[in-house]
Structures are given as C-alpha cells and as structure tokens.
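Below are two complexes that have chain A in common, paired first with chain B and then with chain C.
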Partner chain A sequence: MIAVLRQTMWSGWTDLRLVYTPTTWAFGWMVRVLCQVVFYSTLGTLLGDPDRTRFLLVGAAVFIAANETMMASASTTWERMSGTLSLLAAAPAGMVAVLAARSWFWIATGTLSSSIALLALAPFFGLRLGFGESAAAVALVFVTALTNYAVGLCCGSLALRFHGLRNVFANIALLTMTAFGGVMVPVAFWPAGLQWFAAAFPAVHGLAAVRLAIGGGSAPAVLAEAGFAFATAAGWLAVAAASLWWFQANARRTGSIDFGD
Partner chain B sequence: MSAALPAFLAAARTQLGEFRREPGTLLMLVTAPFFAVILLSVTEHGGRADLAAYALLAPAVMTSVGMAVMEAGESIFRDRASGVLEAIMTTPAPLAAVLSGRVAAITAVSLLGIGECWLVGALGFGVVVAVAHPLVFALTLAAAAAGIAATGVLLAAVFVVGRNVRSFQNSLTFPLYLLGGAMVPVAFLPWGFEALSRLFFLSWATDLLRDSLSPGPVAAFWPRLGAVLGLSAVLFAAGFWLAHRLVRRVRRTGTAGFA
Partner chain C sequence: MSLTGIDAPAVEVRALVRDFATARGGPPRRALDAFNLTVAPGEVHGLLGPNGAGKTTLCKILSTILLPTSGTARVQGLDVVTDAKRVRPLLGIVFGGERGLYARMTAAQNLRFWAALYGHGRREGRRRAAELLERVGLGPRANEPVETFSRGMKQRLHLARGLVGDPRVLVLDEPTVGMDPVSAHEFRDLVEDLRGEGRTVLLTTHDMAEAEALCDRVSFIDGGRLLRCEDPRVLGELLSRHERVRAAGVPEALAARIADLPGVERVRATGPGAVLVETDRGGAALPVLRTLVEAGVTDVSTAPPTLEEVYLHLIGERGMAVRP
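Our next item is the complex of A and B:
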C-alpha cells in the first residue's frame, strides 16, 4: 500500500510539472488568481464599504484553495486520457487508492496560491495581519484545501463516468459553495435550508475558521470550525471512495472501462 | 477570398454542431446564473439596489468573454488533435475565416447568458432590470459582441501557434474581466490599470452598457461606441494578420501537426 501511494504521488508530481512550468504558474495562473481576488475585492470598493471589502478579500482569497482542489475532479480523469485506467482496473492494488491520492498536488498548489493571494493583497485592501494571524491563516488555508480535496474527488468519481461533463460537476459544486458558503456574503443572508446545505461543505467551515482566526475569534471557536471541516470532509471522502470502488467494480464486470467517452 | 464566406458559414455550422454533441462545451452558460447569484447577493446584501443592473450585466459579459476565450482555444485544440487543422491549411479557405466562423457562433450562443442573468434577477431576487436606452443598449451590445469575437479570433490564432500558450488560456478570464470593467467600472482601478484598460474595447463597452440601463442621459455615446468599434477592429486585424502569417509559416515548414 505504501509503495502504491509513493508511486501515485510521484505520478501526481510529474503531472503537476506537465500542467505548470514555473513561468506559466507565476505569469499565468498566479496573475489570474490575483486578478480574481482583486475582481471580487473591488466590489467592496464599489459599494464604498471597507469592512465589506475585507470580507470579500478574505472570502475570495481563501476560496482559491477550494478552486484549485476542485481541479482534482478533472485530474482524476487524466488516467483515462493517458490510457492507464484499464491497467489500474486490472492491477491487484486496485484503482481506489491510486485515484484518491493521485491529485494531491492541488492541495499543495492551492494552499500556496491562496496564501500568497491573501497575504500579498491584504495591505492593498486595508487588512492588517500580524505574524501570528498570517501563520494561522496559512495553516487554515491548508485545512481548507485538504478537506475540500474530498469534494473534488467526489466530483472526479462522477467525471470518470460522464467524461464529457468532467468540468461541469466541479464548477457547479465550487460555484454553489461560493454563492451560499459565506464567501461573498455571510451565510446568514440565505434562507435556513440553504444555510444547512452550505454547512455540508468542508471549505465553508475552513473559510469560517480563517475569518475567526484573523478576526480575533477564540481558539476553541477556530478549532471547532476546523473540526467541522474535517468531519464533513470525512463524509465526502467516504462517498468518493464508495463511488470510485463502485466505478471499478462496474468497470471490471462490464469491461467497458475504455469506452466511457 | 471567394472561399471565405462558405468557410465562415461551414465553420459556424460545425461549431453549433459541437455545442449539440458535447454539452460540456456550454459550461459557461451553466455557470452564468451562479455568477449572477453571487454578484447580485453582494449588492443586495449591501443594500445597494441601484447596483443591481451592474451585478446582472457583469455575469452576462463574463459568460460571453469567457466562452470566447475558453471555447476558441478548445476548438482549435480539438481541430489539431483530430487532424482537421492540417486539412484546413491545405484548402484555399483562409484560416481566419474558419476561426471567425467558429468564434462568431460561440459569441452568438454566449449572448443567451444575458437572458439567463436577467431571469436570475427577476425570479430569484425579484429584481427586474429595465433597459432605459434600448437603442444604445442594442448598438453597444452588437459592437461588444464584435469585439468579443475579435478577441476570440486573436486568441484562437495565438493558440494555433503553440501548445505552450494554451496553458495560459485558463488564466486569461479574470484578468480580462477586471481590465474590461465587467463588474466594477475601470475608473475604480488604480490609475495605471485604468489607462491600460482603456486600450481594451471591453472597458468602453461595459461602461456604455451600464449607462444604457440607467435612466440618466448617455453622455458622448457615438465617440464611445466608436472607441469600442475601433479597438475591436484592431483586435480583428491583429487576429487576421497572425492567422495569415501562421498559415504561411506552417505551409513552408510543414509543421501543422507538430507546432
């Protein structure tokens, strides 16, 4: 099992090097990330409300971590494109662990770009962060990325079955979280049903934890939100694992794995 | 140039067929209502009903620009992968006509986003945005659509140049939304960015579209429309020039499949 995970993580690392070179990451992706966060933060400027500007900045920046880990949905299907899916189905190690671990690199890049966006843009939008607050924010951004990865995997397991819609699931999930998860407006703005729905997403709790940590919230309150993030992520991970396992079992039984397109 | 029009029409038809065959290509139309909810919730929560039109116009513009950027790149990538690009290059039809046909179809379909966003406002939030100056709105929208199509043609031509450029495709949307003043007028951007954005037709177009929705008079309409059209024409010219040069180079070196 350890050997399988080591190989998988190495394969993920080589995938990452195909996705970005240092140049395309810095001048492509990071420029987009910064523009995206500025785009939402200037909404606060338009409304002429400094508190709202800071709220939007934190929400938009932290959700970059959610945005990138949702890309696990598309990268789960890369095995199909590279033709290795049928080999994985035949291998004794099975594909569940491999598919679940292969996209780990989005957690790393998501944490990195989200943290850079938050810390670099904070001074421009009137958000003052001390060293302790910055460190706590980065740690909780990592928690957000890590826990949201489970949601990305769930979308990935669907994307394996419906390849043509591989970007649709992840985008809808991400935008649902962004709309109702306290990213742009407090969760309390929405009807109670939507608030409960939003609470099912780990990134919503991760973001709430970041807001508490940099807004002077108590440590137990921050840890409780982080705990909720992990608890909901466990649920999503279980669903993702079941869905991947079912995909593998079905693919082996019907021999249809290479004809999913 | 006699082959240009049939090529344009055939490319537009092919693109429409692709939308039907692969629903995933309509992703931006699926996401448009979500962006409308996100942006409108911010202005509503802020108690700024006067900005509702901004919040509903922005996702429609983003959808159109986003589709031009993403789909133009994707269609070229698919043409290259399936060997269609090589076939196009051996025909007398200019590549620019083929790219324009595809992008024109993409832009036309993307305008459905306007209706979607209006409906989100009306049905979801009870916010009905009226068009105070319909003629200004229609003319500006037509000019903006031309500019968006021009952006798509230029980018598609750039994407033909090389695969490496494609990794920037995903990164282009938000910088363009920001510089194009999709939601927040570029006058709110720091000075350097505002000056830069004034070279981009979209910043003029979005300002005019917003003005066309508000009851006050629209100042200097024709010069501003002229700016949208002029800057769009420059983009078209750049796209056509690049496509032409590219075809010449690739025909000489025979690297269509390996570029």
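Our next item is the complex of A and C:
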C-alpha cells in the first residue's frame, strides 16, 4: 500500500510538471494569484475601511488554497487521458488509492501559493503578523488545502462518472463555498439555512480558523474550527469513495471503461 | 487446497453472453453469444476474428473490467465475477496501441508504478522493472520518458508492464499493432519464452501468420460465436490452399487460360489488364505463376488470403450462414 502511494505520488508529480514549470508557476500562476488577492483587498481600501480590507485580504488569500485543491477534480479525470483507467480497474490494488493520491500536489502548491499571497501582501494592507501568527496561519492554510482536497476528490469522482458534466461539480462547489463561506462577507451575514450549508465545506472552517488565529482568537477556538475542517473532510472523503465505487460498478456493468481508457 | 487446482483449465468460458445497450433503446447488441472456450494451462491460444467479432469483449470480461450478461468465465478455476479479487493478481493484461502508459514518466518508472499495484515492494519493483526492460530490449532507454518512444517501443513496454505482476495467464489483445516486422518477430520469441515458463497466453490478433506461428490452438470467432477451434496447422493449410496471385498486363486470352488451370477458383479483373487469381488447392499457385511468367508477364506477386476470405471458406465449408 505504501509502495502504491509512493509510486502514485511520483506519477502525480510528473503531472504537475506538465501543468507548471518553475518559471510558469512563479511568473504565471503566482502573479495571477497575487493580482487576484490585491484586487479584492483594494476594494476594501477604496471603501476606506481597514477592517474590511484585512477581512478581504485574508479571505481571498486563504481561498487560493481552496481554489487550487479543487483542481484535484480535473486532475482525477486525467487518468482517463493516459488510458490507464482500465488497467487500474484490473489491477489488484484497484483504482481508489491511486485516484485518491494522484492529485496530492495541489495540496502542496495550494498551501504554498496561498501562504505566499497572505504573508507577502499582509504588510501592504495593514495586516501586521508576528512570527507565531504567521506560522499558525501557514499551518492552518495547509489544513485548509488538505481538507478541501477531499471536496476536490469527491467532485473528481463524480466527474469520472458523469463525464459530460465533469467541470460542473467542482465549479458549483467552489462557487457556493466562495459565496457563502465567509470570504467576502462574514458567514453570519447569510440566513441560517445557508450558514448550515456553508458549514459543510472544510475550507470554510479552515478560513475561520485562520481568521481566529491571526485575530487573537483562543487556541481551543482555533482547534475547534480545524477539527470541524477535518470532520467535514471525512464526510466528503466517504462520499468520494462511495462515488468511485459506484463509478466502477457502473462501468463494469455498462462497459464504459474500454481498454485504452 | 484452493480452487485454483493444478488441473483447473487456465481459462474456462461457458455459455458466455454479453449484450450492449444500443443508442435510443433499440434492441441490445450481442457481442458474445453462448461462447465456449477452454484453454489448458501453459497453452498459447489464438483468438482470430474480424472487426467486431467480440474478441476484445471476451478479453475485458476475463480481465474483470466487464460483467457478462449471462454464462460464466473462470481463470484458474476462479470465477471472474464472484472471485474477481483473486483473479486479478493472476492476470497480465496487454492491449495494442499507444495508450495505457504514463507518457511523462520514464519506462522504468512506469514499470515500478505497476509493480507496486501488483503488490511488490520498492526493492522488488526496481528489480522487476530492470529485468523486464532488458527482456523487451528497452534497457538502454529505461530512464527516458515514454513520450519520446516510438510506437513499437511503447508496445514493448506494454508487454513488460503486463508481465510485471508475474501473471499465470496473459491476456494479449492485439499486442503487435504498430510493431515493425523485426519487433513482431522478437515478440514471437518472447511469447515462446512465456510458453517455456509455463504461462498461459490468450492472444487476440488479425494476423493469421502470427497466429499460425505462435499458437497451440486457434479459435475462430465471428458475430460473438465460436466458429471453430483448431490446430493452427489448419490455418496454415487454409492459407496456402487459398493463396492468391496478383498480376498486371495480362491479356484476356491468357486470363481465360489461367482460369482453366486446375485448382484455380476464379480470376477476377481488378483493373485494365490487372487480375487477381484465387486458388482453392494447395500448390495451385505455382502453375499459375509459371504460366504467367512463360507468357512474358513479369509484374506478378503472390499473397495469402485475407482473414475475411479464410472466414468465408471456413463458414462455407461448415455450411454456416453468414451473419446478417
């Protein structure tokens, strides 16, 4: 099993190298990320509201991690592009472990771009972070990326099953969590129903934990939010596993996985 | 003693049926129809059939990635539906074409990946990858990304991949597609080695010469049904019996004379002065060639019959109706 994970992570790494070279990552993706976060933070500055500015900065920066790990949805379906899906289905180790681990790199790059955006832009928008706060923020950004990866996987496994709708699942999930998850306006702004809905997304708790950690929240409160992130992620992971299982059973019945798929 | 008894056939297929739904609720298409097949351990068994015959469907059911509609299929005595988990480690799967490899990983990395999926640890995976790459002649390219490989090289890597789990039974679905004649020849040597190691091989192909050279037995399949299961020598005999002679610059009178030669089934005009002579008796091509050359025709060649023609003869001899 460990060998499977190690080999799969290597295969994922080669996928990442297709998506980015170090140069395109630094000058393409990172520049885009920074511009996006600057854009939202500037909205706060224009409103002349320092609190609002900081709120927008943290929300936009931390949600980069959510954004990037949602790409796990697309990269799950890349397995079909290699034509290895049928071989995975026929292999003793099965496809679940491979599909679950193959997109891990989004967790790493997501944590990295999100942390860089937060820490590099904070001083420009009046957010002073001490060393301890910065370290806590990076750790919690990692928690956000890690737990939201489960949501990406879940959307990816649905995308495998419903190939025609492959982009829809991740987009809907990302849109809802961005709209109602406390990125631009506090979650409390929305009606109770929507608040509950937003609470189903790990990244919403991850973001809340970051806000608490750098806003003087108590350690138990921070840990509670992180715990919620993990708990909701476990739920998404369970749905992802069920959906992968369903995908395989359906493929075996209908013949939708061909040699070369 | 497990069900995988020594004397259980390597592959045993009984009354296997597979229907596929067709678009817009039409009647289902039957890809396999009451199909029976028994392959003994250590046998190299050829599966020959025209496009759409059901060969790949059978391979997919044996590979546990497709369920039968009815009937049973067993590998080493284990049912591919109810015992799929125990069947998978016994099987090696290779299909033709360039897909099924991680293009950006090196050949060695690809093999190590699959070694892990077949339950081998890091050290064993490395050892197997190196050994198999040597075996298929990719040793010198082991550390190059697969995307830089030619078709034939990818196909060899596929073969190595199929062997990485040390399978007892190999399912090869048109494994020589895209190989040059030299590679295809080396492939034959490799299959001979596999036979020597006591592995069972189920080999799907359109290449009758390949089937004749490699297989202990050959099954002819068409329309999802088994037409005949034969010694490959029958195939060799059919190939020579129905040999064809192609010639250009043949005057009509000469063509008529050839049509009267013994063993000539018919002479077809394929263009102005061009003819295709079909024979139906072993050795009948020789007098045809002699007559042509003596009459001063130099643009002459012989060719084996196509699979479709062999099929027509097979079906004709059996008096079977060609399927609609």
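In this section, the second predicted complex is superposed on the first by the 256 of 261 C-alpha atoms of A that agree within 3 Å, B and C clash if a C-alpha of one lies under 4 Å from a C-alpha of the other, contacts with A are read in each partner's own complex, and residues count from 1 in each chain.
Everything below uses one rule, namely that contacts are C-beta pairs under 8 Å (C-beta built on N, C-alpha and C of every residue); 3 or more make two chains touch, one makes a residue touch a chain.
For clarity, every value in this text was computed on a predicted model and none was experimentally measured.
A.B. asks: Of the two partner chains, chain B (first) and chain C (second), which one does A:165 touch, if any: first, second, both, or neither?
C.D. replies: In the superposition, A:165 touches chain B alone.
A.B. asks: Looking at the overlay, what does A:86 touch: chain B (first), chain C (second), both, or neither?
C.D. replies: In the superposition, A:86 touches chain C alone.
A.B. asks: Applying the document's definition of touch, where does A:32 land relative to chain B and chain C: first, second, both, or neither?
C.D. replies: The answer is first: A:32 touches chain B but not chain C.
A.B. asks: Taking the superposition on A as described, I'd like to know which of chain B and chain C A:8 touches: first, second, both or neither.
C.D. replies: second
A.B. asks: A:254 contacts which: chain B (first), chain C (second), both, neither?
C.D. replies: Touch status of A:254: second partner only.
A.B. asks: Identify the partner contact of A:17: answer first if only chain B is touched, second if only chain C is, both if each is, neither if none is.
C.D. replies: Only chain C; A:17 stays clear of chain B.
A.B. asks: Once the complexes are superposed, what residues of chain A are shared between the chain B interface and the chain C interface?
C.D. replies: none
A.B. asks: Quick check on the complex: what are the chain A residues that touch chain C?
C.D. replies: 3-4, 6-8, 10-11, 14-15, 17-18, 82-84, 86-93, 98, 251-255, 257-260
A.B. asks: Sort out for me which residues of chain A touch chain B in the complex.
C.D. replies: Residue positions touching the partner: 19-21, 24, 27-29, 31-32, 35-36, 38-39, 42-43, 45-47, 49, 52, 56, 164-168, 171-172, 175-176, 178-179, 183-186, 189.
A.B. asks: What part of chain C is in contact with chain A in the complex they form?
C.D. replies: Interface residues on chain C, with respect to chain A: 20-21, 56-57, 59-60, 63-67, 85, 88-89, 91, 93, 95, 97, 99-105, 109, 112-122, 125, 161, 165, 173.
A.B. asks: Give the list of chain B residues in touch with chain A in this complex.
C.D. replies: Counting only chain B, the residues touching chain A are 22-24, 27, 30-31, 34-35, 37-39, 41-43, 45-46, 48, 51, 54, 164, 167-168, 170-175, 177-178, 182-185, 188-189.
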